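The structure follows.
So that you can tell them apart, the chains are marked A, B, C and D in the order they are listed, and the count of residues begins at 1 in each.
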Amino acid sequence: MCGIIGISSDKDISKELYYGLYSLQHRGQESCGIAVLNEDNNSINYHRGMGLVSDVLRKEELDNLNGNIGIGHVRYSTAGGSHVSNCQPLAGVCRRRKLSIAHNGNLINHNYLRQALEEEGFMFQTSIDSEVILYILSRYYKGNIIDSVKITMDYIKGAYSLVILSEEGLVAVRDPYGFRPLVLGKKGNEYIVSSESSSIDILGGEVIRDIEPGEIVLINNGEVKSYNYKDNYKEKQKTCIFEHVYFARNDAIIDGVNAYEFRVRSGQILAKEDDIDADIVIPVPDSGIPGALGYNKESNIPLKEGLVKNRYVGRTFIKPTQSEREIGVKLKLNPLTSVVKGKSIVLIDDSIVRGTTSKILIDSLRKAGAKEVHLRITSPPVKYSCYFGIDTPRRSQLIASKNSVEDIRKEIGADSLKFLSTDALMKAANCKNIFCMACFDGKYPIEPMVEED
Amino acid sequence: MCGIIGISSDKDISKELYYGLYSLQHRGQESCGIAVLNEDNNSINYHRGMGLVSDVLRKEELDNLNGNIGIGHVRYSTAGGSHVSNCQPLAGVCRRRKLSIAHNGNLINHNYLRQALEEEGFMFQTSIDSEVILYILSRYYKGNIIDSVKITMDYIKGAYSLVILSEEGLVAVRDPYGFRPLVLGKKGNEYIVSSESSSIDILGGEVIRDIEPGEIVLINNGEVKSYNYKDNYKEKQKTCIFEHVYFARNDAIIDGVNAYEFRVRSGQILAKEDDIDADIVIPVPDSGIPGALGYNKESNIPLKEGLVKNRYVGRTFIKPTQSEREIGVKLKLNPLTSVVKGKSIVLIDDSIVRGTTSKILIDSLRKAGAKEVHLRITSPPVKYSCYFGIDTPRRSQLIASKNSVEDIRKEIGADSLKFLSTDALMKAANCKNIFCMACFDGKYPIEPMVEED
Amino acid sequence: MCGIIGISSDKDISKELYYGLYSLQHRGQESCGIAVLNEDNNSINYHRGMGLVSDVLRKEELDNLNGNIGIGHVRYSTAGGSHVSNCQPLAGVCRRRKLSIAHNGNLINHNYLRQALEEEGFMFQTSIDSEVILYILSRYYKGNIIDSVKITMDYIKGAYSLVILSEEGLVAVRDPYGFRPLVLGKKGNEYIVSSESSSIDILGGEVIRDIEPGEIVLINNGEVKSYNYKDNYKEKQKTCIFEHVYFARNDAIIDGVNAYEFRVRSGQILAKEDDIDADIVIPVPDSGIPGALGYNKESNIPLKEGLVKNRYVGRTFIKPTQSEREIGVKLKLNPLTSVVKGKSIVLIDDSIVRGTTSKILIDSLRKAGAKEVHLRITSPPVKYSCYFGIDTPRRSQLIASKNSVEDIRKEIGADSLKFLSTDALMKAANCKNIFCMACFDGKYPIEPMVEED
Amino acid sequence: MCGIIGISSDKDISKELYYGLYSLQHRGQESCGIAVLNEDNNSINYHRGMGLVSDVLRKEELDNLNGNIGIGHVRYSTAGGSHVSNCQPLAGVCRRRKLSIAHNGNLINHNYLRQALEEEGFMFQTSIDSEVILYILSRYYKGNIIDSVKITMDYIKGAYSLVILSEEGLVAVRDPYGFRPLVLGKKGNEYIVSSESSSIDILGGEVIRDIEPGEIVLINNGEVKSYNYKDNYKEKQKTCIFEHVYFARNDAIIDGVNAYEFRVRSGQILAKEDDIDADIVIPVPDSGIPGALGYNKESNIPLKEGLVKNRYVGRTFIKPTQSEREIGVKLKLNPLTSVVKGKSIVLIDDSIVRGTTSKILIDSLRKAGAKEVHLRITSPPVKYSCYFGIDTPRRSQLIASKNSVEDIRKEIGADSLKFLSTDALMKAANCKNIFCMACFDGKYPIEPMVEED
């Protein structure tokens, strides 16, 4: 997962990009970068690096990134491919024109397109699919960026929200399914495009609307022009539900659905369907808190903080060895003995992926004296891998892909375990039928070209 | 404020010191360090630096810090004196013996003692009071560390919890009033002394007891010896109540009082004394959450997350300019419009010091559409500066030092404002009469030798 | 100017590349890098950065650069374009094949080729001509690297010595004029290609021969195959004379000419043509020493060290301001008052480019008491810019481009000034008619496509 | 060995200290530092670190080191004790007065004094003898720095040149024997004290005179006051001859003797006493060059550069393993085959300490084809360890301590070997009877308190 932002203004915007990326930091902590178009000398300057926004982008760097139009990117820590060459925004020169892009999402025909470009002699410097997008843009660029974007969209399949920095202006693109969010905002004469509405809010702007699936927006000199990918073309919208389940900030509003309200409702519905008689409700902080509030509201079982979170686990943290694993868990989440001792607990988390963290947490709560631990998950079991930008592991590593709920319960050691049903999830989302739920139901909007192991 | 830890074991403890400091990181983020006694070559090795534990103490450094006995320190960011020379632990050689100390607290006769030592020709390399302690220890050290500690305690006045690394073993000291916490724990053959019980818990040990006010503990070869500062001497215990109000982790138990329970109770009592008819209760995250849970429990006004906290504000964060100040606030705490819009809100925070944050937050909530904001503080007004280790500003900067509650309310723009009374605070602390509440009531256990401006 | 090296072996060669680059450090101090092909997983790993070999390539980096075949590059500090993106070796993937190149030289049709590639949609990430070479190689690569190199040579015009790291082996290429040196050596089963014979010597190998102009060499599995660019094609060799005048190490042997002997002979011939009656000969260290030795030998005027050189002027050296300029000069070269006072001096330098250093040095010698300063240059006046890899400034900045020798003498303040004639230079080079002397005589082997200002 | 500098001016001198240390860099490359007294706020600021002047002292640091009076230090890389805590200048506060010192030399009663101070309770933070000097200064400081310096000189025995930064002004001290050089200079209203006259020269000042043995100089407000250590006390001067043999720059004038002239004369006298019939004279660069010039002048055997020195061997250079040792040697000094092949060589070096470098060099020259190698050393055999600041190894490691000249010749593999006699050395030094030659003749001016192994 990643976060992207683009700003077009009549004043210098490097610091706004910085604060904007800051507000998107939860979408990716591995690397980040900013690219800015300096219209005076018509050059694109950029700075990228491994690490958090506050570590990579120092005052010295920002001072060298002046411009009225620019884009930014934060990248999530994925298993492979953690290398400085994969940092975004990507930038280059084609037909004397500077071009830079930042991409959130995942192409499913990446390998095919890469091979085709290589056949034409194109060289790749990174291992990310975003470079394919850049080169197709460049390949078909004949002086009009919108034309070039449309042709590119003919080629690329999958999830992509893009911000493109070109000499013709700032371009924002959302794929025809609208997998990944992208929001348009305004602040005086300035336009802001961001993965989440929160950035616009924090920068002091007003949210105008979501960029629509298949929409191309060109912003220049305080003017916004909207294009459709194809006139007679309209895919059914399939925005990723996992943005609401886990990924987005509580203050994000995506395609009209409020993430926080969604999460509280998920907890409420879960409680409504539940009949457990427990002493306390405990959230797994921080992502389980809204769900726990909803569960508490509906069930009237008292809400307590039962796990203390360490706020300072940094990138360079020395990982505990196997024998120190218990220390590692408690460093992050330490049970509050006084709260959990002798208690029957409803533990609320937003999702279960591999199941390892749940298992360790439940064990840790028992050691602190919990009498019973009833795990409640405010989303359905994750049974299928995501090919559209969420870094779920291969199916074989998803605990729910081959195990029944009862098997999972046994494996993680809970006294009982319940998930939200997909129907209930739909209800939590105001019954809006605009979501991709493939990770839960396997109904992929586009069939992935990947063999499952 | 600072955090200290000491470990005496029969195996290498550098990584345990590291994880221990990690769990104390909330007590100080400015600088940190570890000192270890290598008994093979009888040398003390140390590493210190500005920044977080995970930034300063890298694998390379830990690999060079082998030893079975060692101490660690995290230091709070104070206004002045942020310089690498002030990092702890301090270390030196006296009478061929290595000595290192880490100190939490504040001496009130620091200037006097420094002058007296300088009269004898001692040179100071730092500007911190801890160096005075080190030199007095050294000055009177004649081959027995306990004797030397006792003499030192004759000289130094104020708040001090100390861990001392000596060739005779690990020494832990708590001043006669017990201003700052210090807890003793055990893990197999290993003894751990830490500012907070949480560290012991997280390292997998068992808490034995608090070090008593005026107690000196010597740990060596798996043996613990306890000494009293003076046989016939017993000060009335005066542990800092602010540790419970704000400073310590939720999972800390200090002198028998559980920080989390204390905070929840404070919120409950506040609600009991309150009669406001509001729509929702919102905590200022993270420190206001337990109080809000208590308030919600007692009042039955629904609890909501109304402020979204950014988890990534780092040390090198580029500070917003005055004109960007609003961005700066929202970057840290952004109101959740959907939650607060049109609502009458009870906003719960743990304390008010200068009042500036409260003012900005209330303003920010109003802009997000809040109808009414009723601020409730789970502690009394901070009217007096602390001279015993909490970095409260000078009295003139404390909003409650010269203003009535009503004046404060006007200044920060709340619709109503209530504090917990000192009596209620005492009740929240189980009526234990062991606390210094000087910041609230001005009754200093030792009269400070400082002129107030 | 740059230096390149390539090694093909049956054992790990990252450290040999390191030492090899070390021995080429005089050819470029701005940036450096190493790329290595790991045949186990068929990947190219590289590390590049701004700075000296010993600063950029640390032990940690070398440990991650295992492979039996690799290339390295050092880059000279040029006025513009000092940016990390311009570091070499360049690397990429084309048609599933990894490719990396390191380039010494300068293409004269760089802009034209770049434009042509951009027309085809290629994107450029750097501003260096070497990227053009990489992309043409990639553009025409159909599975045989030699074919691809030959086609590339059809396109690129100018000076280029290349080492190419491919899955088919190590390739070394020298342009048809042989502007830049490239030497082949052997050490057991290992082959080494380097800009200078010294590297091979220092690594403990034997020099086999120079790569010939227009030759392509493929080294794989201990086997060397040689190809000609074109069968019936043979340009007249035009190796850069400035390599001998200034650039190469004293221990380099290039195309059969020994750099040190050439330099001594230049000084001898200069003395033979001279009739000055001076007290002492003083070299400008270090490059003027061999010439001064030759001059002293022929003239019998005693040789003295009259200028003390500071060996430690590093990259991050804080440049003196205008008012401190004199300090700046003396920091680098301080006159030895006891040697120069009252003396009539023959000052020997290898060349004059802008003339500013000579002027300052002569002034500095006079202030130290020199009676007369007769400047003797062991090469002709530099009248023309180089377009083939030497970073001479624009013609307008060359002091000899528009001034007579007498005018130059006046400008720099020497009592007399003599240069070596081009005929004499030819004699010093053993009358070998294989040199490009365009910087002296304006006879460019290929007409540059650049407008002179 | 170390280098020190002190400047007292009426303008900011941090950059002059920087350039001054730069010119002293040859005296120490391990660490360096600057301390500056800011008279506005009466504080001493300093910056110290491991590495070269250009690496440790960046623009940011210098910008924070404003002041009109300051001192600087460069430290030599010694076998043990290479740790950041040993960097100088040392600084501290005593009796409310700031004090900082930089020290060149070595105390012989360091251990005794350290023990005595520890008995009084003083703590040591470094392992260097300079800290003893600082503490004695502080111990006896009663408001008059000159008095305190005199008392300190009663205690400390050995070699010390000191610059002291105090609130009373800049103090320069040279021990009663004058072991280490210290020179006073003037530049307008500014006074400069430096280890070598070159710094003063380079900074654009005029050398006034050497500080005399036993002299204390106080500089303040453009006024220089001179004090004698004791009125009726005058030791016989014993300046270290090794400064002239090897250590000082060619442009240094120490106690009236010119280092370069001394070195040339040493070579001349060596040649006069010699009768070898060789083809060429080759210096070991750079320190052997003046001696070789002298030898060449006297013997008329032609001088050649036969060894090419790499100018870029940096601090972080990855050391070759044992099997790569030959590469390591040639990286530093590579024989010029064309010069040495078939030749009978007189190889000139300034001294032999362990003999290992000579052995490897001679071997390397033979491998390059040298017919005969006759080693000539422009100083006598080093038979005794130095206890006064030169980092000679223990006696047992000095090749000349137990071996005859013939045995040394065999060991290092020379065809013949000659040293300068101590009488000749005296002659080279203009028969000035002011030198300590203990490393050659064992006549220690003060008997060292060290047991020889």
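Points to keep in mind about this one:
Assume a contact is a pair of C-beta atoms (placed from the backbone, for glycine too) under 8 Å apart; a residue touches a chain by one contact, two chains touch by 3 or more.
Since the structure is predicted, the reported quantities are computational estimates derived from the model, not experimental observations.
Following the contact convention of this document, A, D is the list of chains adjacent to both subunit B and subunit C.
Seen from the C-alpha centroid of subunit C, the farthest chain centroid is that of B.
In this structure, the chain pairs B-D and C-D differ in their number of contacting C-beta pairs, and the larger number is found at C-D. With centres defined as mean CA coordinates, subunit D is found 61 Å away from subunit A. Distance between subunit B and subunit D, defined via averaged C-alpha coordinates, is recorded as 50 Å. Centre to centre, using the average C-alpha position, subunit C and subunit D are separated by 36 Å.
Not a single residue in subunit D touches at least two other chains.
By the definition of touch given earlier, these chain pairs are in contact: A-B, A-C, B-D, C-D. Against subunit D, in their complex, subunit B makes its touches with residues 91-96, 99, 115, 118-125, 134-135, 138-141.
Across the interface of their complex, subunit B is touched by residues 15, 18-19, 22-23, 25-26, 29, 52-55, 57-59, 62, 198, 201-204, 249-251, 253, 258, 260-261, 264, 286, 289-290, 293, 296-297, 302-305, 308, 310-318, 320, 324, 326-327, 330-331, 334-339 of subunit A.
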